[in-house]
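Note that the chains are named A, B, C, D, E and F in the order they appear, and that numbering of residues resets to 1 at the start of each chain.
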Amino acid sequence: MIRPNERRTNQLRTTKIKQGFSKHAAGSVIIESGDTVVLCSAMVEEKVPPFLKGTNNGWVTAEYSLLPSSTDTRSQREVNRGKVSGRTSEIQRLIGRSLRAVVDMEALGERTVWIDCDVLQADGGTRTASVTGAFVAMYLAFKDLKEKDILQEIPITDYVAATSVGIVEGVPVLDLEYVEDSEAQVDMNVVMTSKGEFIEVQGTAEGKPYSKDELQQLLNLAESGIIELIKMQKSFLGE
Amino acid sequence: MIRPNERRTNQLRTTKIKQGFSKHAAGSVIIESGDTVVLCSAMVEEKVPPFLKGTNNGWVTAEYSLLPSSTDTRSQREVNRGKVSGRTSEIQRLIGRSLRAVVDMEALGERTVWIDCDVLQADGGTRTASVTGAFVAMYLAFKDLKEKDILQEIPITDYVAATSVGIVEGVPVLDLEYVEDSEAQVDMNVVMTSKGEFIEVQGTAEGKPYSKDELQQLLNLAESGIIELIKMQKSFLGE
Amino acid sequence: MIRPNERRTNQLRTTKIKQGFSKHAAGSVIIESGDTVVLCSAMVEEKVPPFLKGTNNGWVTAEYSLLPSSTDTRSQREVNRGKVSGRTSEIQRLIGRSLRAVVDMEALGERTVWIDCDVLQADGGTRTASVTGAFVAMYLAFKDLKEKDILQEIPITDYVAATSVGIVEGVPVLDLEYVEDSEAQVDMNVVMTSKGEFIEVQGTAEGKPYSKDELQQLLNLAESGIIELIKMQKSFLGE
Amino acid sequence: MIRPNERRTNQLRTTKIKQGFSKHAAGSVIIESGDTVVLCSAMVEEKVPPFLKGTNNGWVTAEYSLLPSSTDTRSQREVNRGKVSGRTSEIQRLIGRSLRAVVDMEALGERTVWIDCDVLQADGGTRTASVTGAFVAMYLAFKDLKEKDILQEIPITDYVAATSVGIVEGVPVLDLEYVEDSEAQVDMNVVMTSKGEFIEVQGTAEGKPYSKDELQQLLNLAESGIIELIKMQKSFLGE
Amino acid sequence: MIRPNERRTNQLRTTKIKQGFSKHAAGSVIIESGDTVVLCSAMVEEKVPPFLKGTNNGWVTAEYSLLPSSTDTRSQREVNRGKVSGRTSEIQRLIGRSLRAVVDMEALGERTVWIDCDVLQADGGTRTASVTGAFVAMYLAFKDLKEKDILQEIPITDYVAATSVGIVEGVPVLDLEYVEDSEAQVDMNVVMTSKGEFIEVQGTAEGKPYSKDELQQLLNLAESGIIELIKMQKSFLGE
Amino acid sequence: MIRPNERRTNQLRTTKIKQGFSKHAAGSVIIESGDTVVLCSAMVEEKVPPFLKGTNNGWVTAEYSLLPSSTDTRSQREVNRGKVSGRTSEIQRLIGRSLRAVVDMEALGERTVWIDCDVLQADGGTRTASVTGAFVAMYLAFKDLKEKDILQEIPITDYVAATSVGIVEGVPVLDLEYVEDSEAQVDMNVVMTSKGEFIEVQGTAEGKPYSKDELQQLLNLAESGIIELIKMQKSFLGE
C-alpha cells in the first residue's frame, strides 16, 4: 500500500497553526492539516447554562460546521434542513467533551467558553483537527482573560490534541486524508493529553471487525502523532 | 468500593431476553438488564434508501427512544422539541452501525430492516442493551423471511452484542447501572462479535483521563460480559 | 354479520389491566384490550403551567404515541416529521379533557399530573383504551401522594372509562377492533362516568350519515361496555 | 338566565351569507353569524393526493385560520410557532370530514377541492360557521365546473350545515356566542344534513358531565338551527 | 404600450379606504387598490420587546400574509412549510420600518403596536397598499388611545404612504397591477412622507439595468401617486 | 464629522480581493473591505431548479451566513433557530438577483451556479462586499467551465459590484464601517454595472426621511466607489 504523497504510515500531514481573525474573538486560529483547513474560535460569555448557575463553575461548549464550499460536492447548509445532522451533533459533543476534560471549571468561574469550529476546506480529519485547533483558541482566550486580570491563572490541567488513525488496505496508518478515510476498514479518533492518557477513543469497524492487536497498533500510532501535535500547539503558544 | 446488590466487578446484571409483541413485527423482543427494559423490534420493508437502489444490497437502520415515563424525572418527548437530541442521534447511529457490521447486505438483497429500540424503563446501559436485543429481533425477522422462502439463509456473518464498562471510584467494573454510571470517571461502550473482535469501542473520560493499562482492563471486562450475552442470545434463539 | 372470534355485538374484547413499570412512575399500568396494548403512566410534577400559577389549582395533561412497531405497517416516528400529527394531537386533547373532568383541581393543589399513553401494539380502540388505562395510572399516582401524606384524599369526583362503538355492515357494535374500524360506516368514541353521564361523545359518519335512532343504540352499547370497564378498574384498584 | 341581546334559547344569531372575492377563487363567500365573520373559499386543483391517484376519485380538504386581529387579544400567527395548534388541526379535520361526507367523489373525478376558512372576526362558533359557509363555497365551485362543462352534475348527495349548542347556567341553548361559550358547562358541535341525519356530533363536558336527557335536548336544538341554516344556503344559492 | 383599462402611465388604480372589523381591533381598515384588497389592523399591547424595556420608548411591528385564496393559483399557507418565506419576511420588515419612521416612540411610551396586513385578494402592489392602509389603521389605534386619555397626542411626525412604479415595455408607469408587474423590466417600491421625503426606495432591475434618468422619472411618478394617496388617508381620517 | 482613520467621505476602505480555497470550489475568493472579510465561493451543478427544466436556461442562486465568531457579540448559528433570519433571507435574495442581472442564462445552459458568501469577520458592509466578491468567484467558475470547453464564452453581459453609502451626522459618506452604520440616519446599498447603470438601489431612512437632493448625492458617492471596485475585480481577474 502506498499512501498519497508517499507519506509513511506513521507520518502526520503537513500541519500548521496560524493566527485567525482577531477583531472580535479573544482566541482565533486557523489549523491546516494537509488540505483540511479549520477556523477555530473561542469567545467568552459572562454567564453559564441554567444547570450551573450558582455553582461557581464554568462551562465549555462547542459548535462545528462544514462550509458549503468546503467539500467536493457542495454541502447543503444545515439551516435549510432546519436542524443539525447526526454527524454534526456527534462532532460538536466530541469537541466539547474533549476540551472540558482539561479545564478546571472552578478556576474558570461562572463563564462560558463558546468554541466554534468552521471547516473552510475539508479533506478528512476535520473533527480531530478541530479539537487540536480549538484547544489553542481556547488557550488564547484564557490568556486574554488573564491579561485583563479576570483570571489569575490559565485554568487548564493539561494540553489536549487529537488525530485519526485507521486500517487501510489492511495496514494501520496515522492521520487519514479523505481518499484513505473513505475506504478504511477501521476508522478511529483518539483524543489524548500531553501525559499520554486518553480522553476519548472512538474506533469503528466500517468493513470488518478488528482484533485486540490491531487496536493496540492504532493506539500507538495515534500517540506518536498526538505528541507531535502538542509540540506544535506549545510552539505556537510560545510555551 | 461495594456495588449495588453486592455485584462483583466482573458480573453482569440479571439479564433476560423475552418474546415481545408479535402481531405486527416480524422480530420483537424485550431485553431486561437489571431494571433497564428495552423493547426491540425489527420490521422489514421491501425497498432501500435511494443511494442503494439498483445495487442488490440491503440496509439496516435503527431508531431509539426513551419513553417519557422510563426515567426518574419524566423525559420530554423529542417530538415536542421538533427534533431528536444529539444523544439520541448518537445512539441510533451506534445501533445501526453495529448491526450492519454483521449483516451480509448482498445476501439480504434490496430490502431494509427497520430496528426500533424503545426504552420502557431506564437504569443505565440502555444503548448497549439495545444493541444486544436488536440483534436478536433482527435475527428473528431474518428467520421469518427464511421461513417464507424470501431468503435462503440467515444473512449474518456473526453474532454481535454490547455492554458498558467503566471506572467507578477508581475500580474498573462491568455493566454499569445508573447510579454507577452517573459518577463514573470513565464510561466505555464496547460492541463485539462472538469471535472476540471489536465492532465499536467508545471510551470517554468524564472526570480524569485514563491510562493504557486501564483501557486494557476495561476491554477485558467487556469481553467477558459480551461472551455471556452472546450465549443468552443463542439460547433464546435456540441455536 | 359475524364479528371476528364470533364476538357478540354488545361484547367487549378480552380486557386486562396489569401493573406497569414501577421504578420511576408513581402510577403505571398496561391495559390490554384484545390485541391492543397500551402502557399508561402517571408522573407528578410539583408545578403548574403559567396560567394556573397562584390559583391553588392543579392540572392534568396527557401525551399519546404509537410506537413505530405497534402497527401493521411501521409508523414513522413523529419526531422525524418535526411535529405531532393532527390525529395524535386530537387524541392527546381527548385523554386530557376526559381525566380533568373527574379531578378536583383544588384538592390536587398546584401540581401537574403528566399522563403518558404509549401504544405497544395497536388493533383499534387505542384512544379509548388509553383513557381507561390512564385513569387507573392517575389513581395510583394519587394513592402514592396520599400514602406520602402529600394529599389527604384521592382528589377525584368519579371514575371514568371509555370505549368505541360503531356501525359495521349496518349493525351497531361495541368495542371495534381494527378490521371492523377500518370499514365502519359510523365511528363513535364515548367517555362516561360511573354514574352513566357523558364526558365526551364524538360520533363521525365515515360513510353515510346516521339517524337519531342509530345514535341512541350506539350510546346504549357504549354505556353497557363502560359499566364493565369501570368494574375492572375498581377490581384492579381494590376498591 | 338571559342571553345577550335577549336571544331566545332556540334562536340563531343574525346570520348572513354574502359573495366573497371573485377574482381568483371559483367559490368564495363571507358568512356572518352575529359578530363572527368567516371568509370561506373553494379552489379546485386538477390533481389528487398520492393515495387516490388512479382511483378516479376526488378529494376535499380544508384549512382554517384565525386572523391575528380577529380575536380580542391578538392571536399569534401559527407560522411563528412553526406549526398549527392542536385546536386548528382539529377544526381543519372536522371541516374536511363534514364536506367529504356529502360529496360523490367518483362524480367529482380526480381533482381536489381546497377549502380555506379564514376567520376575519371571531365571536364564538367559528368552526360551525366555517362548515356552513364552506359548503356554499364548495357548491359555487362545483357550479363553476359544471358551467365550464367539466362536471355534468353538481357532485353532492345532500346539503350540510353545522351549529353549536351547549348548556349555559344549566340551560340548553342554541348557537353560543363567545361570552356564552366561555362559561358553558357543555359544549357541543353538530353537523347535519338536510334530511336531519348526523354527520358529526362532538359534545364535551367542560364543567360537569351531562345526562342522556340533556344530550337529547341539545340535539333537538341543533336540528332546529341547522334546518334554518340550510334554508339560508339554498336561498343564497338560488336553489 | 397600452395599460389595462387604458390607464394613463401616471394614474393610480381606483383606490378606496374603508372601515374594517371593529369588535376587537382598535384600528382596522380595508384598502382596495384596483383588485388588490388588504385588511390592515392595528392592535396595541401594553408591553415592549426586551431590548426596549425600561427605555420609555414604544415599538411598532408588522406582519403580512397572503390568504391562500387571494392568488390565482392557491398559495400554500406558510405555517405548513414551518416558516415564513423570504418574500414575506422582506415585506414585513418593510412595513414595520416604514411606520416606525414616522412614529414618535417616546410619545408612544412603552407599548407595542402590532400591525397585521392580510391580503384578501392580490393583484400586484400588495406591499405598498399594506403600508398605505397600515398607516391609517395605526392612526385609528392612536386616536382610540387618545380618546381613552392614554395618549395626549397622536404620536406621529408625518403621514406616510407607498406605491409601486416600474418600467414596462420601456415605459415608466405608476402603480403596477399583476400583469404589468410580472413583465416589468424594473420594479420599484417607494415609501414617502407628506413632505415629499423618502423613507424607503427599493428599485430592482428584473430584466436589464436602469439609468439615472429612468430612476429620476420613476421617483417623480411615485411622488405624484403618493401625494394622492396621502390625500385619501387624510380624507378617510377626517383630518 | 471625522470618520474613523480620517477617511474622506468619498473614500473606500482598503479593499483586497484574494484567492480563496481551491481544492473543491471552481471559483473561490476572499474579499477584505477594511476589517470585513468574506469568503465567496462559486460551485457549478449540472442541473437546474424544477421551474427551469427543459428551458435551456441556467440559474444563479446565493446563500449568505455570518460565522458565529465574525461579530463582536457571538452570533447564534441560524440552524439552532431552525431557520434563516429575515435579514439573512433578504441578503441572500439581493446577492442572487444582483448576479443574475448580468448573466446570460441561455449561454450558461441548464446548470446552476451556487454562490456561498460566508462572513469570516464583520465590520459593516458585508452584503455589498459579498456581491462584489461573489461576482469574481462566479467569473472564476465560468472561466473554469470555459477552460474545460463546457462553455464557449464567459456568459456575462457586464461586471457588477456593490457598495454601501449613507448619511452619518448629516453628511453623505461612502462605504460605511460598523460604527458608522450603527448610527447612520440613512443607509443605502447600491449595486451597479460597469456602465454606471443600476441593478439595485435600496435606501432606508433609519432616523429621519431624506430628500431628493440627499438621494442624488448618495447615488453619486456610490457610483464613484463602484467604479473603483470594478477596477479591482478586473485587475484580479487579469482582464
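Operating definition for what follows: a residue touches a chain if its C-beta (ideal position, glycine included) is under 8 Å from a C-beta of that chain, and two chains touch if they have at least 3 such contacts.
None of these values were measured; they are calculated from a predicted model.
Least step count on the touch graph, chain C to chain E: 2. Matching CA atoms, the turn from chain A to chain C amounts to 120°, rounded to the nearest 5. Here the CA centre of chain B is 33 Å from the CA centre of chain C.
Note on chain placement: the centre of chain C and the centre of chain D lie 28 Å apart, centres being C-alpha means.
Computed from the mean C-alpha positions, the centre of chain B lies at a distance of 51 Å from the centre of chain F.
Touching of two or more other chains is recorded for residues 82-84 of chain E. Taken together, the chain A residues at the contact with chain B in this complex read 82-84, 86, 89-90, 92-93, 97, 101, 158, 192-193, 195-205, 208-212, 215, 219. Touching chain E in their complex are the following residues of chain D: 21, 23-25, 28, 35, 37, 39, 41, 43, 45, 63, 65, 67-72, 74, 77-80, 82-84, 114, 116, 118, 120-123.
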